[in-house]
Structure formats: structure tokens, C-alpha cells
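There are structures below to look over.
Below, chain A partners chain B and then partners chain C, in two separate complexes.
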Partner chain A sequence: MALIDKHPELARYITEQGWFEFLREQTLAMIEIPEMQLQVKTLDSLLKMYGRILDAVENDKPFVSSYYCLAPELYTAMDLPYYMVMQTPFLASSVPYLLTDIDAAEEMGLGNDLCTAIRLSIYYVEANLSPLPTCALNLLYPCDGAPLLHEVIKRNERWRNIPMFACDPPYYSDERSLDYFADEMRKMAKFVETNTGAKLDMDKLKETLEYSNQMFQLWDEYNQLRRNVPSPHGWGIGAPQCFSQAWVYEAGTPQGVEWFKKLVEIAELNVKNGVGPVPEEKIRLFWFDLLPFGWVFEFLPWLEEEWGAVMVMDMFGNFPYTMIDTSSEEEIWRGLAKRNLFDAPMVRQARGVADNFANDIARIVKDFKIDAVVWPGHMGHKDGAATVGIMRETCRDLSVPFVHLGLDLFDKRYSTPDQIKDKMSQFFRAMGLG
Partner chain B sequence: MAIFNAYVKKMAEYVEGMRGKGRQVREFDCPGDPGKLLEELPVRVGPEASSGIILRGDTFVELGNPDVGSCAFLLWTDNPSLVGDGKITLIGPNIQESEGASLPFGQVLMVRGAGLGKEEHSALEQNQYIADQIEGYMLKSTSERMWGRVSKDAATKGFDFDTLGKALMAIFKTAVPKVQAMEAIFVTSDKEDVRHLDNIAEQVRKISKDITRETWLARGYDILECTLGWDCNTCSDKPVCDEIREVITVRKKKIRKTKTSSNQ
Partner chain C sequence: METNLKSKAFQEFSNAAETLVNPVLQRWKDQGGKVVGYFCSTVPEEIITAAGLTPFRMRATGSTGTEESDAFYSSINCSFPRHCFNQVLTGDFKFLDGIVCVNSCDHVRRIYDNWKRFVPTDFIEMMSLPRKTGPDQVGWYTEELAMLKDKVGKHFGVEITDDRLWEAVKLHNETRRLQKKLYELRKQEKPPITGAETLAVMVAGTAMPKEQYNEKLRELLDELSGTEGPGGHRARLLIVGGILDDPAYIKVIEDQGGLVVTDSTCFGSRLMWVEVDENASDPISALAQYYLTDRPSCPRMYGEHDNRAQYVIDMCREFNCDGVIGERLIFCDSWLVEHYMLGQDLKAAGIPMLKLDREYLTSGIGQLRTRVQAFLETMGR
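What follows is the complex of A and B.
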């Protein structure tokens, strides 16, 4: 009996795997470009993850569904396959069926005022398009949509008997909150052990975190290089790949360390040679959100080609990370709590106090010589929409132009790429940029 | 304003404590005028004085790597008896003595100015992060940490902590004209010595957060409790917030009562 007959929920997953194998083949054709070698390795890591999940289902091995900000190093240390429930929307730039899925989600009755990433993830669960894990780790933060997805998963007839756990996030970022969340992470690890049979060996976790620290240190090194004028890379390589390596596919692995070493080598060379993604870098942008994954190819190349506008930094490339002290078990859990709750992108900004929005902008604008700050105003990021005033005032204090667009990062029909291009052009012209 | 005065005094005690421990403590004096400060420097200082980055291979010494410890904060006052002008204190080895090393790094800046107040707090805080303003000196763009590099070229030209102190004084006095006097303390002696500074830094950060909150409140935004940025008096959710605050008060009282009775 074919795997798909026994496990119909894998149909999409297998199609997706095939799609990324195809993309890998396409990328291989450009392998002489150093950055493309990294793209191939990223796709290898992604495909490895798909392979591990399919192998786990086929051979009845345990695996978990989880999130990037739930200490993925734990699963590496436990040798436990994991996948991100919200993965597909984040890979949207590459999957060809995104708009059809968005329509199907709407037909299912999901409100189109709900964040499209959450809406799609609910749809994939409800339409039986997500692998059924041994246990599920859910999120109660950073936005209101995340617990909604959790509630749906809890009530879905195929998922409701799957053991589930969600860490309770504190609001503030003080020492008391850190200790509290460290305890939550301990409970989470115990839950995974109990429900999968996998054991967490602290020595193995320590080793994994040391690899993870190396990856994050190299990421930091890379980020500093992006401060150079011209920036060694634009939107094409940087935050999404770094993020996927460090937080998802290769969390705490030697392969991940090698990937980052190569990235830094390439970027250093570009800095030494004064090479950037465009012949003449005219505008240095801080895009304060995820990339518009649903229509990335229709917009970001245009910014570079038409305006010489280079996305020097974005929310997921920003580097507020603390290395995890592995000298004791206590410090390990506190370090994991800090990195996953206080430092992780989007969680850092959207959970808790609004101070981080202002502080991140102030530091990045200064360090990265930013000419303009773009708040894309994704329709789902209502938490951020509430702090637009603070961001705007911060930018006024810094005398840096700020624009609030209003779009859907995943659905190009909300505001079309042409509309956004027009807004950006008007903004650049009005501010005398480019 | 006397908000940080107690901590300025604590810093004097800290330096004496380090002397008492037998640490090498050096003091440098420099002129107060920003123009004269810049005349004496072996490297350029000011906007775009550097590219902002120093590559790994070009690094002479690293400062404040998380493995060896880092702590930085800023104190301000209007009291002339607390902060003199142009004094740089170095506890531990200097740049030239540390080729290839990764030194722990503590940096405490103390500024004084008549009329210096909460309005200048944010500008003072931000000026600690020098970006591209000092040739041959880079601060990594990572939050909550002072982590830097000095380039081989700068070291050859004679860059040391005296240079860094003077450069910072020139930057601060130019950017915030109300700053009339400034002292800098640098600690490179030992991870523990830097960690000891954290005890003071923790309190300073709490005060700093309160000032930031107050400043935003004055502009109409509550950054700590409400991300909506609305005026409570016109917000329809006010009764909900009021009720939550009441519940928190009751709960805190209950916890206190439980603790008191369990201690008896």
C-alpha cells in the first residue's frame, strides 16, 4: 500500500517535497555563483527535513509539530524530526498553489481579516494537509492569531487526540519572567520526552547548543558585514536563509555551522571587493517585517533594479541574540528562554512592551546607515499596527523617512505589487531618495 | 536632576574597590573643549569617519565578547561636585598591550550639564553606540551589549583607551550641547570585575526604562502597558484595564499574606 493511501494527509507534503526537489535542480544550474551554492545547501536542509518527516510516518517513528521559537535545538539533541505548522506560508515565495489555498481557506469560512499565515495554517490542518505528529507544541503568542490556530488544532477531529502543549509566555522581560519561561521550557521538554519516548541527554543538548552558538555568532558576523556600503547582499540572500538554517532546518548542527562559515566568507569577499547586489546602491532600506513571501519575486527585484533600493536589514535578519551559556543546566534553560522569548524575531516585537519597536529602529537606522524605514503594515500584524505611531515618532526623531504601506505579505491581491510599487515610488520621490 | 547621583557615587566606590583589589588603575586627563579633544587624536572622529565595520582578519583586539564579559551604561547629573571634566579611568590592560586578545569590556560614561534632564536621556543613551564615528573602532550592532573591535591600522596609529575616551567626549559634547563635562571609566581587567558592574547596571537600566516610559507618555504613548497608543481617558477599554489592575492588586496582597503567614 502506498504511503499516501495510508496517510492521505501527506499528499500535499509529498507534492511540496517534489516541488523543492525541482527548485533544487533549477538552482543547481547556477551553481557557479557562490550564493547559489548556499541556496542549494538550504534546499538540501529543507529536503532533509521533509525526508525525515516522511520516514517517521512511514516507519511509525515519533515526530513533533512545533515552531521556530520553541527551542528547536531540543529536537536536534533528542534526534527527533520536527516540522513547523506554519511552514508553507513562510515558503510561499516558492510554492505555486498559494493563491488557490487562500481561496480554499476563505471558502471554508475563514475570515479574510485574519492573518493569512494563520488562515492558511488553519486551512492546512482542517483540510487534512498537514502531517499528523506524535505530539504538537503550540503557541499562545506573539499575536492573537496564534492561540486561535492552537484552538483550531485542539478541536480538529484528526488532531484532538494528539497530546499538545503550549508554553505560557510572561508579558514583561525581566528576570522573574525569564525564570518563569525557563520553567515553561523545562516542562515542554519533559512533555516531549513523555509523549515521544525520546530522551533529552543534557550533554547532547550542551553540544547542540554550542553548535547553535557558533551558528548565531557567525550570523552576527554576517550581519555586521551588511553594514558596509554597499551592502554585500540584498534581499536575495540573508535573513530568510539565515533564519531557516539557525531556527528551523539545522538548529545546532555542524552542517549549520559550515553553512554560516561559507556565508560569511562570501560576504567578506564582497565587502573587500566593494561588490553589492546592484551596480549602484542608492537607497538603503530597513524593511521592518517578514519579506513579502507571497510575491517576493514580483516586487523586491524591482526595488533594486528600478531604484537601486537595497533591503539592508529586515525584522528576521535583525540580530538581538544572546549566546546561550552552557556552563550549567540552570543557565542553559535561562539562555533558551531568553533567546526564544525575548530575542526571536516577531516574538520580540509583538509580545510584551512596545519599547522594542522603537529601540530596534533607532539602533538599526544608525548602525546600518538606513535611508528609509518601511513598515509594510501586513494586514495580520495588528499588534504592530498599534505601534505605528511610536515607530513614526522614532523615525522623526532620527530624521529618517518612514512609510506605512498596508499590504498582505502572502496574498498579492490585497494590495497588488503594482500598487505597492507606485506607493514606494511616490515615497522615494517625495523624500528625494534614489 | 539627581536621578543617577547615587550611582555616580557608587562608581567612585567601585574604582576604589578595584584599587583595593590591586588592579592596575590608570587615569588620563584631557581638555574639555571638543575641538581640542579632536586635535590630539591619532584617528578621525565624526560622522562617516569609518565604514562602521572591521573584518575579523583586520582586528587587533576584541572588546566585550559575551564569553569574556561586557557591561556598559551611562549616568547623567547636573551636580558639578560629582562629575569632573576630561577624566578617563582605565582599569586593566590598554589596547597596545593586548594584541590578538579578547578583553572583557566595561564602559561607564558619566556626563554633567546644567539643565540636563529627562528630555536628553534618549539622545545620551543613543550616543553610546557610535556606529561609524570613530576610525578603526567598531561596535557590533547587537542590542544590550557593548561588543567592539579595534583595527590593526588604528592600533598602529596609537589608538588606545585614552583615544576612545576623548573621542566619546567629543561626540557627546557635539551631539548634546547641554553636556558640559564628562568622565569615562573603562574596565578590561577581568570578567568578574565587569560582572560586578552589572549590579549597578541593573538598577540603572530600570531607571532608564522608567524615564523612557515617562518620555513616551508625555508624547501620548504608553510603551509598557498598552501598545494601542491611546489616551486612557478616551479609551473604551479603560474599564477592562482598571479591572485587571484591581485583580493584580488583590492577587499581590494575597501572595504577600501567604508569604507572611508561611514565614511565621
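What follows is the complex of A and C.
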């Protein structure tokens, strides 16, 4: 009996795996380009992750559903496969059936103003298209959508009896909050041990975190290289790949460290040769969100080709790279709490007060010699939408042009790539850029 | 549908719901009384009352546009905070002596950031409200409330003792009991008060000192007890949703023959169905326990959907409802997903549900009428 017949909930997961295998083939064709060698490695890590989940289902081994900002190093240390319930929109939104699934979510009664990442994920759970884990770690931040998605999960008839735990997020970023959240994470780890039978060996966790620290350190080094003019890379390689390595597929593994070393090496060479993603870098952009994953190829190459506009930094590419102090258990939990709640990209901006919107803009504009700040205004980012005044004022103080677009990162019908291109062109012209 | 409520008490409530500063509140201010605004039903009014101040639940009554706040908010934000912050910018909230915010939703929590940065205010606080409702979170919220108590006390120069807090708890519980009595009257076959009128009474309760409110509410209850409304409605309805503070919205529904006899809304039964435990060991933890765990929750709180759905079903049975209207402000994620789940729960319980999206300022009345009429018809009414 085929796995899919026994486990219909794997239908999308298996298709996604096939899609990535196809993408890997395509990338292999360009293997002489050093960046493509890294892309292949990224896809290898991703496919390994898909393989591990499918193997776990097939052979009745434990695995968990969780999130990048719920200490993925724990699962590495426990040798537990994990996947993100919001994986498709975040990691696989190039899949050809995305728009059909968005429509299906709307038909299900989820409307069209809830973040598409949340709508899709609710759809996958409700339509039995998400792998059923041994236990689930639910996410209650950074936005209103995340806890609501997990409320649906909690209530779903197939998920109802799966043991679940959620870390409660404090709203501030002070010592008291750190201790509270560290305690929540500690309880989460206990919960995983109890419900999967896997053991958390603190020595193993320490080793994993040391690898993870190395990865973050190398990521930071890489970012220093992106300060150069021209930037050694644009949107094509950078934050999404770094993020997926450090926070998702290779969290705290030696392979992850090697991947980052290679990235730094390639970027250094580009800097040395004065090479960037375009022959002439004309505009250095700070894109303050995720990339528009649902329609990346219809927009981002155009920015570079038409305007020489290089995405030097985005929301996922730069945050405080605080190393986790592994000298004591106490510090390990506090370090994990800090990294996952205070530092993690998107969480650091959206979860608490709006200060990080202003602080990140100020820091990145200065450090990366940014010519323009783009607030894409993803339709799900309601807290950010209510922060545009603060962002605009910050940019005004820095004398850097600011544009607010209004789009859906996953659904290109919300604002079409052409409409967005038009807005960008008008903005560049009005600001005398490019 | 109207009941011809003529009493002076009701008129005062009705006027209070139509404006921000009602005459009772104005008198309080004129006599040197202070008023502290707060967002969200999870902020304990009792602490504000215990400091000798009047708590004022934030709304945007009387707003006519969002021209000023458009520079701070976007078109994908809920219209309530957009109108409310517009009024902050135009000075309509100058009567407030302080603000207490909480991270209730993505839209409203940013009012704190914008207000703090752009509008000079002497006292503005943000509390960290947990998402979970377990004992650890009650512990966290107890600390939050203790800190709020200290800050309010320090800023307004009052020592908020336990005695003062217990007094406030008793006063607010009295309000809850009186309001519940009003709801009990609506269980009658011909309720003496409509849903729209009840909402006015409830809104007024968040905008005047509680002693005076309670007095007037007693008057109204005396007037109503033993009386009947005109009856003749086509169906009895429960309304469930968030910040519904405009009686005119409910009136449109009732004018179609759907009498709203109970609710689960921010200005409705969730405010008072349960009381704060007066026998707890200390008032601050009693308040934390109440606001985080004991009172009927809204979708802001995680892991509580089953209880919320049960609450709606129980209320429907208690008030003999024929159907449920789920209202939501456009762009509200919390209520969208809640209604999605609740629709399934109610279906399983055999209770019809109509989901309505709306803007904060009641508009699109024609469409609302048509939808309600169609709903009543599908129920065979």
C-alpha cells in the first residue's frame, strides 16, 4: 500500500517534495555558478527534512510540528524531525498550486483579509493536508493570526487528541519577560520529552548551540560583506537561504556551519572582484518584510534589471546575532528565550511595542548605506500597517525615501506584479533615484 | 422595534451611548474628578476606581472620519482604532487624564505606540496580557496588575490599599449583578427592553462613575420589572462579536423583526456574566484570576474556543434564541477565525448563524437589512 493511501494527509507534502526535486534538477544545470552550488546544498537540506518527516510517518517514528522561533536547536539535539505548519507559504510558496489552494481557503469561509499564510495553513489542516505529528508545538506570536491558526488546530477533529504545548509570549523585552519565556521554553522541552520519548541531553544541546552560534556568527560576517558597494549579493541569495539553514533545516548542525562558510567565501570573492548581482548597482534597497515568495520571479529580477535596484537587506536578513552562552543551563534557556522571542526576524518587529520598527530602520539604513526603504505592506501585517506613521517619521529623520506598497506576499492577484512595478517606478522617479 | 422606554434613567444611558462625554461624566470632571481611559475588557476597571478615578472604556463614538489617523494607520487596519486614534489626534479625548493599554490585538496595541510618540500625554501605560489562561499566566498577570496599581497610585498621588480595592471590587460586582438582572428580563417572551436599548445601558456603564450608574440602573430596573414589551418579533437572536458599541446597528437588525435578546460581545454579557471572587485572599490576584480566566473570554485568548462556543450555545438555550448573528469588523483576524469555528459548532448544535462584516461606523444599512431579512426567512420566520 502506498504511503499516500494510508496517509492522505501527506498529499501536499509529497507533491512539495517532488517540486523541490524538480527545482534541484533545474539548479544543477547551473552548477558552475558558485551561488548555485549553495542553492543545491540548500535544496539538499530541505529535501532531507522532507525525507525525514515522510520516513517518520512511514515507520511510526516520533516527529513534531513546530516553528523556527521555537528553538529548533532543541529538535536537532534530540534528533527529532520537525516541520512547520506554516511551511508551504514560508518555504514552498513557489509551488504551482498555491493560488488554487488560496481560493479553496476562501471558499472554506476564511475570507480574504486574513494573512494568506494563516489562511493557507488553516486550509491545509482543515482539509487534512498537513502531516499529523506525534506532538505539536503551537505558536502564539508574533501576530493575531498565529494563535488563531493554532486554535483551529487545537479544535480540528484529527488534531484534537495530539498532545500540544504553546509557549506564552510576554509583550515586553525586559529581564522579567526573559525569565518568564525561558521558563516556558523549559516546559516546552519537558513536554516534548514526555510525549515523544526523545531525551534532551544537555551536553548534546550545548554542542548543537555551539554549532548554531558559529552559524549566526558567520551570518553576521556575511552581512558585513553586504555593506560593501556594490553589495556582493541581492535578493537571489541571502536572507531566505540563511534563514532556512540557521532556523529551519540545519539548525545547529556542522553541515550548516559549512554552508555558511561557503557563503562567506563566495561573498568575499565577489567583494574582492567588485562584483554584485547587477553590472551597475544604482539603488540600495531595504525591503522591510519577507520576500514576495508567491511571485518572486515576476518582480525581483525586474527591480535589478530595470532599475539597478539591489535588495541589500530585508526583514529576515539582519537582527542582533546574540550568541547563546552555553556555560550553564540557566544561561542556555535564557539565551534561547532571547534569540527566539527578542531577536528572531519578524517576531522582533511584530511581537512587542513598535520600537524595533524604528530601530531596525535606523540601524540598517546607516550600516548598509540604504538609498530607499520599502515597506511592502503585506496584507497580513496588521501591526506593521499600524506602524507606517512611525516608519515614515523615522525615514524622514534619516532623510531616506520611504515607500509603502500594499501587497500580498503570497498571492499575486492582490496587487499584481505590474501594479507593484508601476508603484516602484513612480517612487524611484519621484525621488530621483536610479 | 421599540419599547417606548421613557424613563429619565434610560434617556441618560441612551445619551451617554451617543457621545463620549456624557453629562454625568462632565459633572464629575467639573468637580475636579479624573478620568482614565482604557482599551479592552481585560483591563481591570476596579484598579482605576480604587484610585478614586473614573474608568472610561475607549470607543470612537461621534467620529466622522479618519483623515488625521490615515498617516499612522493603513487601509488594512480595523476601522475602530483608526477612528479612535483620529479622535485622539483631533483632541476629542482631551478629557482623559491617563490611558491604560493592553496588547489586545495587532491594531489596537499600536494605538499605544502612536499615542506615546505623537500625542503628549502624562500617563500612558501598556500591560502585557498573556495569551494562555493557566495558573502561570494568572501569576504573570497578577504582577502586571500590581505594577499598574503602583503606577496609577504614584501618578495620581493615591495609596491604593487592599481595602480600597475590595471596595471597588464590590462596587463593580454590584454593577454586574444589576446588569445581569436587566438581561434576565430579556428572557421573557415579550422582553421589556430591546437589544439596542440594552446596549445603550451597557455602554453607559463604561462611561460614568459606577455609584451613579448603579443608582440609575436600579431606577431603570424598578421601572421595567413586571412589565412587558410589545412582542411581535419574528425571531429571538443572540449577537456575538467584538467591540459593538453602537445601538443603531442592533436597531437595524431589530427593525427587521429579529429581536436581540442576548449576546457575547465586548460591551455585553462578557463584561458581567461572572463576578470577581470577593472571598479570595487578596484583591489583585482575584482580579487577575477574573480578568484572565474566569470571565467569558474573547478569541484573543488561546485554547479557550471550546468554552467560548459553549458559552454562546448555553446563552442561546437560556434565552431561547432562534439564531445567532456573528458580527465582525473588517480586517479583524481574531473574530474572523472565531466565527469560522463557531459557525461549525453552532451548525452541530442545530443553531443557525449569520456572519456579518461591518465597519466601525454603521453604514451599508440597506445591505444589512437585506441580509438579516434573508436570514430570518431561512429560519422560517
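By our rule, the second predicted complex is superposed on the first by the 432 of 434 C-alpha atoms of A that agree within 3 Å, B and C clash if a C-alpha of one lies under 4 Å from a C-alpha of the other, contacts with A are read in each partner's own complex, and residues count from 1 in each chain.
The definition used in the following text is that a contact is a pair of C-beta atoms (placed from the backbone, for glycine too) under 8 Å apart; a residue touches a chain by one contact, two chains touch by 3 or more.
Worth saying up front: this structure is predicted, and the values here are computed from it rather than measured.
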Room on chain A for both chain B and chain C (clash or fit): clash
Of chain C and chain B, partner touching more chain A residues: C
Touching partner for A:386 - first (chain B), second (chain C), both, neither: both
Touching partner for A:271 - first (chain B), second (chain C), both, neither: first
Which of chain B and chain C A:353 touches, first, second, both or neither: both
Partner chain(s) touched by A:23 [first = chain B, second = chain C, both, neither]: neither
Chain B versus chain C as contact partner of A:11, first or second or both or neither: neither
First (chain B), second (chain C), both or neither touched by A:321: first
Which of chain B and chain C A:368 touches, first, second, both or neither: first
Partner chain(s) touched by A:154 [first = chain B, second = chain C, both, neither]: second
Touched partner set for A:227, first chain B, second chain C, both or neither: first
Where chain C runs into chain B (options 114-122, 132-140, 204-212 or 312-320): 114-122
Footprint overlap on chain A, comparing chain B with chain C: 353-355, 383, 386-387, 389-390, 393
For the chain A and chain C complex, residues of the former touching the latter: 108-111, 113-115, 118, 122, 138, 140-141, 143-145, 147-152, 154-155, 166, 168-172, 176-177, 180, 183-184, 350, 352-355, 377, 379, 382-383, 385-390, 392-393, 404, 406
Chain A partner contacts - residues on chain B that touch it in the complex: 51-53, 55-56, 66-67, 122, 126, 129, 131-132, 138-145, 209, 212, 216, 219-221, 223-225, 227-229
Parts of chain C lying in touch with chain A, wherever the complex brings them together: 71-78, 81, 103, 105-107, 109-114, 117-118, 126-132, 136-137, 140, 143, 299-300, 302-303, 305-306, 330-331, 333-334, 336-338, 340-341, 343, 355, 357
Interface residues, chain A side, partner chain B - complex: 220-221, 223-225, 227-229, 268, 271-272, 319-323, 353-355, 358-360, 362-364, 366-369, 383, 386-387, 389-390, 393, 397
